[in-house]
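First subunit A sits with subunit B, and in the next complex the same chain sits with subunit C.
On to the complex of A and B.
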C-alpha cells in the first residue's frame, strides 16, 4: 500500500521532469536569437542586459549545460525574469496563484455538490424526468461562459446589487464567478455521476442488497454512490486541473486576477519566461491533482489496493 | 404453522405478456423444492415475484400468496422490505458480482443484521462470525475483513449465503447458486444447502440442471414457457417423468444421454504435438506461479482430447500456448511436426488460420456492434476470400452450424446463448482450420442447449476431420465428447489416458475427487 503510494508520487515527479524538459525544448526550439525570444518583441535593452541573459540561461554553453542549469534553477524555485514586465516571474505570479486556486476549487466544489444532488434526484427515474434532466445538462454544458457571466453580472451585481461585480479577496466576490464557472462543469459531472449510479444499480449486488430488505436510500447511499464516485473522481480531477489555466474568460469578465489572464497576456506579448512558468505551474497542478485522484481510487476501490509491501 | 410458502395461481406479466402463469408452489420447513427449467422458462422471475422484486414493469397477481402464513399478495414496497431478509433470504448466482465488491464480506453479512435486528455493534460482530462459521468459512475473524475478490469462488458463495441467512429467515431462495462454480466447489455448496435444510430451513432451489437439484430436492417443479408442466416428489419426477420437457431435460444431462456412436477415429500422424511445455507467471507478490509444468500430448485428425481441472489448474494457459498467443518458458508446440510456438509472430500469422478458438462466453467474444454476417466476413477476408464469394460462404457456414441464413443480419444481443455459441463456432470454421481449441465452450449454456452444441462439435469433428482440444471443468461433458483425456492440477498432468479408463478407474486422488463430485441422477430411465 505504502509502496503503491510512493510509486505514484515518483510517477508524478517523472511527469514534472518531462514537463520541464518539454518547456526547455520549446524555449530552445524558437527559431532565431534565443536572447530575443526571452526578451520578447519591442524590448530595448543594453548590451549588459543581453550579456546577463546569455549567462543566466547559459546560451554560450553547450546544450547539455543549458538543460542542466534550467532544471537546477526550476528545482530551486527560480522561474527567471520577465523582461517585458521588468520583474521576477515569481513576483508576477505571486498574486495570481491564490485567486486562481480559490476560484478553481470553489467552482469544482460547487459543481460536485450540484452534481451529487441532481444525480441522486434523477438516477433511475422515469423517462420524462431523465430527458428533462439531460436537456438541462446539455444546456448547462453548451451555454457560453462569458455570456453567462455577463448575465449574472447584470442581474446579481448591477440590478440587485447582491454581489460585487469585480475584484477578488472576499467570499462575496468569489460566489458569482465560481457559480458561473461551475455551471457547465456541473452539467458534465451530473451526467457522469448519474450514469455511474445507474450502472451500479443494474449490477447483481444491488439486487442482493434489495433482497435483504434495504430501501432505496441506503442502497444508493451505502452502495451505489461509492461505485459512481470512481468515475466522478476521474472527471473532477480533470476539470479541476483544466480550470487552473483555463478560467480566462471568467477571470476577464469579473476582472479577477488569475493565472489564466496572466497566461493570456503573456502569450499576446510573447513574454516567454512567464508563459513557460505558467505552463509548468499548471502541469504541477495537474500532477498533484492526479495524485490525489489516484489516492481517492485506492480509498474507494479495494480491488486496486494490491498486496505489495 | 410449518407452511413457509404457499402460492396459488401466481402470474407475472410484463406489458400484458405473461412470463409465468398459474404457478402453484408450497413449501414446508426442512423441505427443498426445486424449480427447474431452461433459460426463459420463467423460473427466475417467479422466484423474484416471491420477494416482491419481479421488476417495476411487472404485474404480479395470485389467488393466494402467503409467506410464513402471512398474506403478502397485497403488500406494498414498505411491507415487502420488512420481510425481505428477515423472513425470506435470497441467494444469487455469482458471489463475485452479487456481493458489493467495494465492501468487506463482513459488512455485507452485517447489513441485514443492522436492518432487521436490535443487536448492538459487538453483538452483531459476534453474530457475523457465527454466521460465517455456520456457512463453513474457516477463520471468520480474518475473512470478515476481506473483500469478495480476495476469497475463492467457494468461500465467497458461502459468504453470500451467510448474508442471506443473517437476519434469520426461515425460507431461503437460491437462484442458480452453483452455476458459476467448479464441480468440486459446487458439491461443497450443495452440501451446505443440504445442511441448512436439515437445520430446518425451507429451501427453494432454482436451476437449469436436473442433475444438480437431484441430490437435495424433495420435490421438483418443471417449468416450460412460464407454466409448471410437472410437479411432484423428486424421485417420481426423475425416475418416471411424465412431461416431454422433463424427459428432454433428463435426456440432455451429459453422460445420461445416448451419445451418437463415433464414426471417425484417430487418423494418421499427429497434427498437434505439445512437448514438455512449462510456463510460469510472476504474481504481484513477486513470487512465481507454475501455470504449466512439463505438459505434453499429441493429437491427430478427427480426435478429441479432453482437458479437465478446476480454475487455476492451467487449462486456459495451455489453450493460449496452443493458440500461439503465449510463448512458453520451455518446451515446444509443433503443428504437423513443424515448429509453432518457437517461430516469430510474422511466420505464425500465416498459419494462424489452421488453429482456431471457441470461447466460453460467446457474448463477450463477439463485437456487440457487428452483425453476424460481418463477424464471419471478417474471418473470410483474413484468409483472402474475395468479396464476391463471401455472401455465399457465410450462408454455407451458418448452415453448417445449424443456423438459418436470415441470422446474418442480426447482432449478438439479438441472439440466444446457443445461437451465439454457434456463431462463434462458425467464425472458427470460416478459416477452414484443422485444430479447434474449445475453452469451456458449453459451460455458459443451459443443459439442453449444451447437448445440442456438443452434438454439433462432434459432427463437425467427424465430417471435417478436425482435431479438438476440449477444455472443461465438467467431467460428464468431457467424457461425452472426448477420446482421450488429461486431468490437470496446479499445472501438472496428474492423470491421462482413454476417457473411459480415466473416469471409470481414476487413480490419482484428485481425479477421484473430481469424478466423485460430478452430479449424477441415481437410476434413471430416460425413455
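On to the complex of A and C.
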C-alpha cells in the first residue's frame, strides 16, 4: 500500500508539472502583449510605467528564461503576485478553497445519496420504470446548471424566501447551490450505478446466492451493490475533482466565493500566476482524490487487496 | 446583516423548522438608528487602490473612503471639498489650493498640504504602476507645499482637465501614513482616507462592508448634508447575474440593485416596493468605429452609405425595449460640451445609401445579392471579443449586419480571443470595431480621434482618423479654461466626426438602479456614479 501511495504522489508531481507548463504555454505562448495582461482593459499609462512593468516582471527576457525562472519559483513554493489583483497569489486564494471544498463535497454527497436511492429503486425493474428513470436521468444531465440555478432562486429564495440568494458560510446558503450542482451529477451516477447493479445481478454468483435462499433485497443490498460500487467510486472521484475548479456557473449564479470564479476571471485577464496556482491546486486535489478512490477499491473489493499485497 | 442559523442548529432541525427559521431571517432588520444598506452590484474591484486601478467599481466603492480636493456635481460645476478654494496662475500652469482646516484621516493623521503632495507624487512614481490616475494627472510637474494649508500643483503645459481629474476618486487622498508600494488589497489597514465611511472588511467573491466614520467633517459642498454619513453600515455585494441582483432587491435581501438590464425595467415599474432611478452615463456610448485606413472605408461615400443604411431608431428600440434614446453624437448627452445640434442631423435613408454606393463604383450584384465592384464583393469585417461584448451589443451588431445587407453590403461579424484580438486591432487590420468608453471629460475625444492616438501609440483612435482640423480643435479645447470656447471647439469636432461618417453612434445608455422604497437620498456624481453619503433608510 505504501508503494501505491508513493507511486501516486510521484505521478501527481508529474501531472502538476505538466499542468503548470501547459498553463504557461497557453497564457504566454499566444500572440499578445504580456504588459497588456498586467494592465487590463481601459488602462491609461505613461511609457515609464510600461517600462517599469516590463522590467519588474522580466518580460524583456527570452521566453525560455522566463519559463525557467517561473518554474524555479514554483518549485520553491513561491506562487508569486497576481498581475491583475496586485497581491500575493496566496492572499487571493485564501478563503476561496473553503467555500469551494464545502460546495463540491456537499454536492457530491447529495448526488451519491440520490444515486444510490434511485438506482436501488429502479435496478432490474420492468421496462416502463426503466425508461421513465432513463428519461429523468437524461433530463437531469442535460438541464443547464445556469437555468436550473435561476429557477431555484426564483422560487426558493425570491418568492418563498426559504434560502438566501447569495453568500456563503452558512448551511442555508449552501443548500440551493449544492442541490443545483448535484442534479446533473446524480443523473450520471444513477445510470452508472444501475448499470453496475444489473451487470452484477446477471452474473452466476447472483443465481447461487438466490439458490441459498437469500431474498432479492439482501442480494442487492449485500452483494450486488458492492460490485456496482467500484464504478461508482471511480465516477465519484472524477466528479469531486472536477467540481473543485468547475463549479463556476453555480458560483456565479449564487454569487458565492470560490476557486471556479477566481479561475475564470484569471483566465479572461490572462493572470498567469493565479491561473497556475488554481491549476496546481486542482491537480493536487485530483491526485489526492484518486489515491482515496484507489484505497476505496481495496476496501470494496477483497480480490484487489490480495493482488496489491 | 441577515443572520442565518448556524449549521449545527440546522442539521438537527426538520425541514419544516428550517423553512420557518430561514423565511423570517432573510428580511432586513428595520428601524435601526442609521441603518444598513446593501448595494448589489455586478462587478468586483480587482484592486482597491484607486490610485492604481482603472476600474469603475473601484472608483465607485472607494469614493466612500477617500475624499478628493474638489467635488463636481451632475451640473458639471466645481465645488469645494478637501480644498475650500483654489486659483489658477496667469500662465495657467499652477493651481493653488487652500485646504480645509481640521480634517483628519481615520488613523488620526492630520490632512494637510504635505499629504496632498505625498499622494500626487506617489501616483506618478513609476514604481506605483498606476494604470489610470497617473494618466489623469497629465503633464504633472510637481506639487509644492507652501504652508500646511496651502498647496500648489504645477504642470508643464496648460492642463484644463485638471479640476475634473482632481474631483474623481482616482485622485482621492489617502493617509500618508498608510502609503506603501502595494495597496491593492481589501484590508482596512491599507485603505485609510478622510471619507464618510471606513473600510471594515472584504470577503473576496462576496462583499465589502463599510462602516460609518463617526468623526467625518469634510463633506463636499455638492452633498445635501454635513457631518457623518446617515447610514451606519454600507455593504457592496458582488452579484454578477442580472436576474439575481434584481431578485435580491424585490425580495428584500438587498436594498439597491445596480445596472438593472432594460429587459427587466418593465416588470419593476409595476412593483410597488421598488423604485427605479437612472443616471445618464457620460462619455462615449457603444458606437461603431469605421477604419478610415481600410481599403473599403477610406472612401467617405461608403462610410456615409453605412451611416444612412443603419436604422438606428429601430435597432435601439428593439434591443433596449424602448427604454433608451438613440444617440446622435459620439459623446453621450451627459458629457460636458455635448453638441445637441447634431440631433436629427442625418437620417435613415437606404435609397440615398444606394446612390452613394453606386457613385463609389459598387454597381454590380453577385448571386447572393451583395454589391460588387470589378467582380469583388463589398465585404466589411467587424472584429469583436465575445467575452467583452454583452448580449445587447451583439444584437445591435446583428441589426447593423441586417440593415447593411439590405443595401448590398456584407458585414462579417468575426469573433476573436482577447489575446489574439489585441495585435490585430493594434495593426489596424479591420474594417469596423465597436466599443464604449465612460468618462465625463470631453477630452476623451482626443484619445479616440486624435491622429497621434492610434492603438499602438497607447490611444484609442479606432477609426485611424487623421484629420488635422480635429487634432487642432481638440488640442485647443484641452488647453482652454473658457467653457464657451471649449464647447465651441468640442462641438466642431463632434460635427466633423459625424459628417465624415467615421463614428456610428447607437444608444444613449443609462445606468438604471432599482431602489427599495425605504431608501432615500441616493444621488449621482458627474460620472453618473451612485453616491451613498446622503443615503438614508426610513
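Basically, the second predicted complex is superposed on the first by the 227 of 309 C-alpha atoms of A that agree within 3 Å, B and C clash if a C-alpha of one lies under 4 Å from a C-alpha of the other, contacts with A are read in each partner's own complex, and residues count from 1 in each chain.
Note that in this section a residue touches a chain if its C-beta (ideal position, glycine included) is under 8 Å from a C-beta of that chain, and two chains touch if they have at least 3 such contacts.
All values derive from a computational prediction rather than experimental measurement.
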Partner chain in contact with A:39 - subunit B first, subunit C second, else both or neither: second
Which of subunit B and subunit C A:163 touches, first, second, both or neither: second
Touching partner for A:302 - first (subunit B), second (subunit C), both, neither: first
Partner chain(s) touched by A:177 [first = subunit B, second = subunit C, both, neither]: neither
Which superposed partner A:80 touches (first subunit B, second subunit C, both, neither): neither
Which superposed partner A:211 touches (first subunit B, second subunit C, both, neither): first
First (subunit B), second (subunit C), both or neither touched by A:223: first
Partner chain in contact with A:203 - subunit B first, subunit C second, else both or neither: first
Partner with the higher number of touched subunit A residues, subunit C or subunit B: C
Subunit B versus subunit C as contact partner of A:153, first or second or both or neither: second
Contact set on subunit A toward subunit C in their complex: 30-33, 36-49, 51-53, 56, 84-87, 91-92, 95-96, 99, 150, 153-154, 157-168, 170-173, 251-258, 261-262, 265, 268-270
Complex contacts: residues of subunit C adjacent to subunit A: 2, 4-7, 10-11, 18-19, 22-23, 25-27, 40, 46-47, 49, 52, 54-55, 124, 126-132, 134-136, 182, 184-185, 203-207, 237-241, 243-244, 247-248, 250-251, 253, 387-388, 417-420, 422-423, 437, 447, 458
Interface residues, subunit A side, partner subunit B - complex: 203-205, 207-215, 218, 222-223, 226-227, 300-303, 306-308
Residues of subunit B defined as touching subunit A within the complex: 51, 53, 80-86, 88-90, 92-94, 97-104, 111-112, 115-116, 147, 149, 160, 163-164, 166-167, 284-286
